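Each chain gets a letter, A, B and C, in the order it is written, and its residues are counted from 1.
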Amino acid sequence: MDILIIQILNSIFYACILFLIAAGLSLIYGVMRIVNLAHGSLYALGAYVTAWAIGTFAAKAPLWVLFLLLPSGAIVVAAVGALIEPTLLRPLYKRPEEYQLLITFALLLILEDVMHFLFGGVPLTAGAVIDSMGTMRVMNLRYPVYNLVVIAIGVASAVFLWAVIYRTRFGVILRATSQNMRMASALGLNVKWVFVQAFALGCFMAGLGGAVVVPAQAAVLGMGVEALILAFVVVVIGGLGSLEGALIGALIVSFVRTAGIQFFPEIELAVLYLIAALVLLIKPTGMFGRA
Amino acid sequence: MQDNAKRTGPSTRLLVACVIPILIVLLVVPKFLDVYQTQLFTYGLIYAIAALGFNLLLGYTGLLSFGHSAYFGLGAYCAAFLVKYFGIGSLEVYVLVGLLMTGLTSAAFGYVCVRHTRIFFGILTLALSQVLWTLAYKFFWVTGGTDGLRVAFANLTMLGGLIDFKGRNAYQSFAHSYYYYVLFMFCVCTVLMWVIVHSPFGKALQAIRDNETRAQFLGIPIRRYRWIAFLLSGSFTGLAGVLWVPLNGLVTPDILYWPFSGEIVFMTVLGGFRTFTGPIIGAVVFNYLKVYAVASTAYWQFMLGAVLVVLVLALPTGIVGTLARQLGKLGKRG
Amino acid sequence: MNLLETISLKKYFGDTHAVDDVNLTIAEREFVSLVGPNGAGKTSLVNVISALLPSDSGKILFRGDDITHVSVTDRVKAGIARSFQIVNLFDDLTAFDNVTLAIFSRQGKTTNLMSLAHLDHAVSAEADAVLRSFNLTDKRNERARDLSQGERKLLDVALAYALRPKLLFLDEPTSGVSTRDKGQIMDTIASVVRGEGITAVIVEHDMDVVFKYSDRIVVMQQGTILAQGTPDEIRMNDQVAMVLLGTSGPDAFTRKD
């Protein structure tokens, strides 16, 4: 029974990470109709930057400093996104979408080696954060407090994103542009500026996912490539372009994955991809998506 | 009777004009290159077959698959399984079984995938290919896991056992003979693909690519033809995979991992996906590019990524497409 | 037996009754014009009969057979073809390739993947003949996207014609074309269609064209058939004149003020 609770908490923890990545991916697609193949690599970059920052500046610092450094990954990745959009993506908006896909793939290749160059081949950890927060009692077992904090961050992010998209003027602009770009432009909205912001926000989410996961899971080369596939499964199940879809999809994928690792570890990933394929067959736009 | 040659694109005209000299050059390659270079070039021809197959879907049918590593890898694993579990060394058997298995798989995957277009098609091909990857990765007691499975050339036979590679100079003799075997396959594949894209079926595919609605209103069954194209595409790429593994000596799950699908797309676009010869040139060039990049720096992915960025931003029609356009301009001026 | 018959055909878009209980019959070899103000439902009616849109209720009978739920490709095989108001061609293929495609499809040859298309001389000859009928011979080897608007409209019709349909729908074949070219284009189309006795239904706004070529005119308004008859009958119909021109009187259609 205790193990079950732990498994459930772990699933929710992992679902929060997945949600952050998938929400970013979905946001970018929803507003700009771009599938960002480098999204996983941006998540990895967030993990690396945060791990490096914490490792370098906060070796023996108090907890509150470490926490301040945690979002550094997200901020850096958002800045990178703001640089990428006007230089690499904007020239291709009028071109067939195959080219957009290709350039994000090129970006993936570039980012993977940038991380290799900057941070080396050794895994970087920020375990200090998790350790310094200690554990708390859940039933008869002990569970890292940090994980619960992450779950809180995940929930807060979901609420924050929802509020931004549905309750702010910026959100209205985002939704208008995503539904009808030409009309939005005709109404005087600066679509170029909207795109940069949307892309930066999406990258911020990915970077935050990496920043938040790295105390629990070391930053390693190739983690981005692996994460992208899972993010795809999440948005396929939940629906490309949908916030609720990213949330529900993340939960489903995370729980299936945890159950899978427990009961049928060999085919756990295969099962996930097959579920994605099944959803695409039955309801191509996913549970909550629109075409 | 109007001039029929005008109907074929400039790249095909180039091909026809150069076929004889090119063939001659290809036939004497092993005389002028050492064993390593011959093998390198053989890899190029193998990737060319894969890219030719891939481009039937992209260039001619308008469907971008991000999951072709599945068929390449499946073909390779077929050969490896034949070695490991049946002790078979015949290259012909590898080819036949590989074609059968990749044909069936691409028929099955294709049936599912062609119900969608554009981005959902791409994601679906990606997801399905990764199913194969995780199976190869996880069922390590069957597939050898990350250690992979070996296919040693010493046990290989060609032409139904007429040629084998035991005895002195076996390695050199293998490099030599394998090159010609692959060259033959490459020529057959090129001719077959050329006929397919210039057939009424090939025209129908291009119609579907250009204007799905109008194709429907001409009575063309869209989904069925896309499916047939998918099947053919996967089979060609699967054949390439079969031919790849005896040369490489080893197959690991990496060949099924999705970035390799990206490489197939890369090489096709590098050559020019709106031309017939583009994928061939692109595959050969990409092979050299990657080998050179890997040899010169640990950050070869960055190099390839940068090349791709330049390609997409500045040379979208690829090597052959850009060349064809330049030649076209020259022709008009002269 | 009528070639085409619709029975209580309906197509609604929410509250808009685009096609509202339409009973239309077309006899063989007729040249029928479908006219009406914008939003009358002419194009929607054609879209439903050609299966671009599904109907909401009602029946469509073609040569006595119920084709209401038959797919696009099957309707084409049965003998219904159409052209499009907004030109719908294979832009990257040549005019010649566009037409040969239609012929290959008609002959069921599009499953041939092991024969070379341009070696089929019968098909090539027929395609050249079609291009000749539509005065497009000198544009044979040009890509469809490089043709002028008028030529593209003709090619659009030529594609439908190359299917040798029993019933041909032409959706505003002269729209978007300069007035100077309109007459020429319509003359070409009419001479081909009438010359071969193809049953045609043409959606048109230009009343001069309509009066010149039609056997019968069907006037639609707000999804229903307001009136139908020969050009003379329609010319005399004040109600039709009101609807179409906003004015009536014996010379409503010929007055140029």
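Here, a contact is a pair of C-beta atoms (placed from the backbone, for glycine too) under 8 Å apart; a residue touches a chain by one contact, two chains touch by 3 or more.
As the structure is a computational prediction, the values presented were derived from the model and not from experiment.
Novice: Going by the touch criterion stated earlier, list every chain that contacts chain B and also contacts chain C.
Specialist: A chain counts here if it touches both chain B and chain C, and no chain qualifies.
Novice: Mean of the CA atoms for each chain, then the mean for all of them together: which chain is nearest?
Specialist: The chain sitting closest to the overall C-alpha centre is B.
Novice: Quick check: how many Å separate the C-alpha centres of chain B and chain C?
Specialist: 44
Novice: When the C-alpha atoms of chain A and chain B are each averaged to a single point, how far apart are the two points in Å?
Specialist: Taking the average C-alpha coordinate of chain A and of chain B, the gap between them is 33 Å.
Novice: For chain A and chain C, what's the span in angstrom between their mean Cα positions?
Specialist: Computed value for the inter-centroid distance: 52 Å.
Novice: Can you list the residues on chain A that touch chain B in the complex?
Specialist: Those residues of chain A that touch chain B are 35, 37, 88, 91-92, 95, 97-99, 101-103, 105-110, 112-114, 116-117, 225, 229, 232-233, 236, 240, 265-270, 273-274, 276-277, 280-281, 284.
Novice: List the residues on chain B that touch chain C in their complex, please.
Specialist: These residues of chain B touch chain C: 1-2, 4, 6-8, 195-196, 198-204, 206-207, 210-211, 213-221, 225, 228, 232.
Novice: If you look only at chain C, which of its residues touch chain B in the complex?
Specialist: My answer: residues 50, 52, 72-73, 76-77, 81-82, 84, 88-94, 96-97, 100-102, 104-106, 109-121, 124, 128, 140-141, 159-160, 163.
Novice: Give every residue of chain B touching chain A within the complex, in rising order.
Specialist: 58, 64, 66, 112, 115-116, 118-120, 122-124, 126-128, 130-131, 134-135, 138-139, 257-259, 262, 265-266, 269, 298-302, 304-306, 308-309, 311-313, 316
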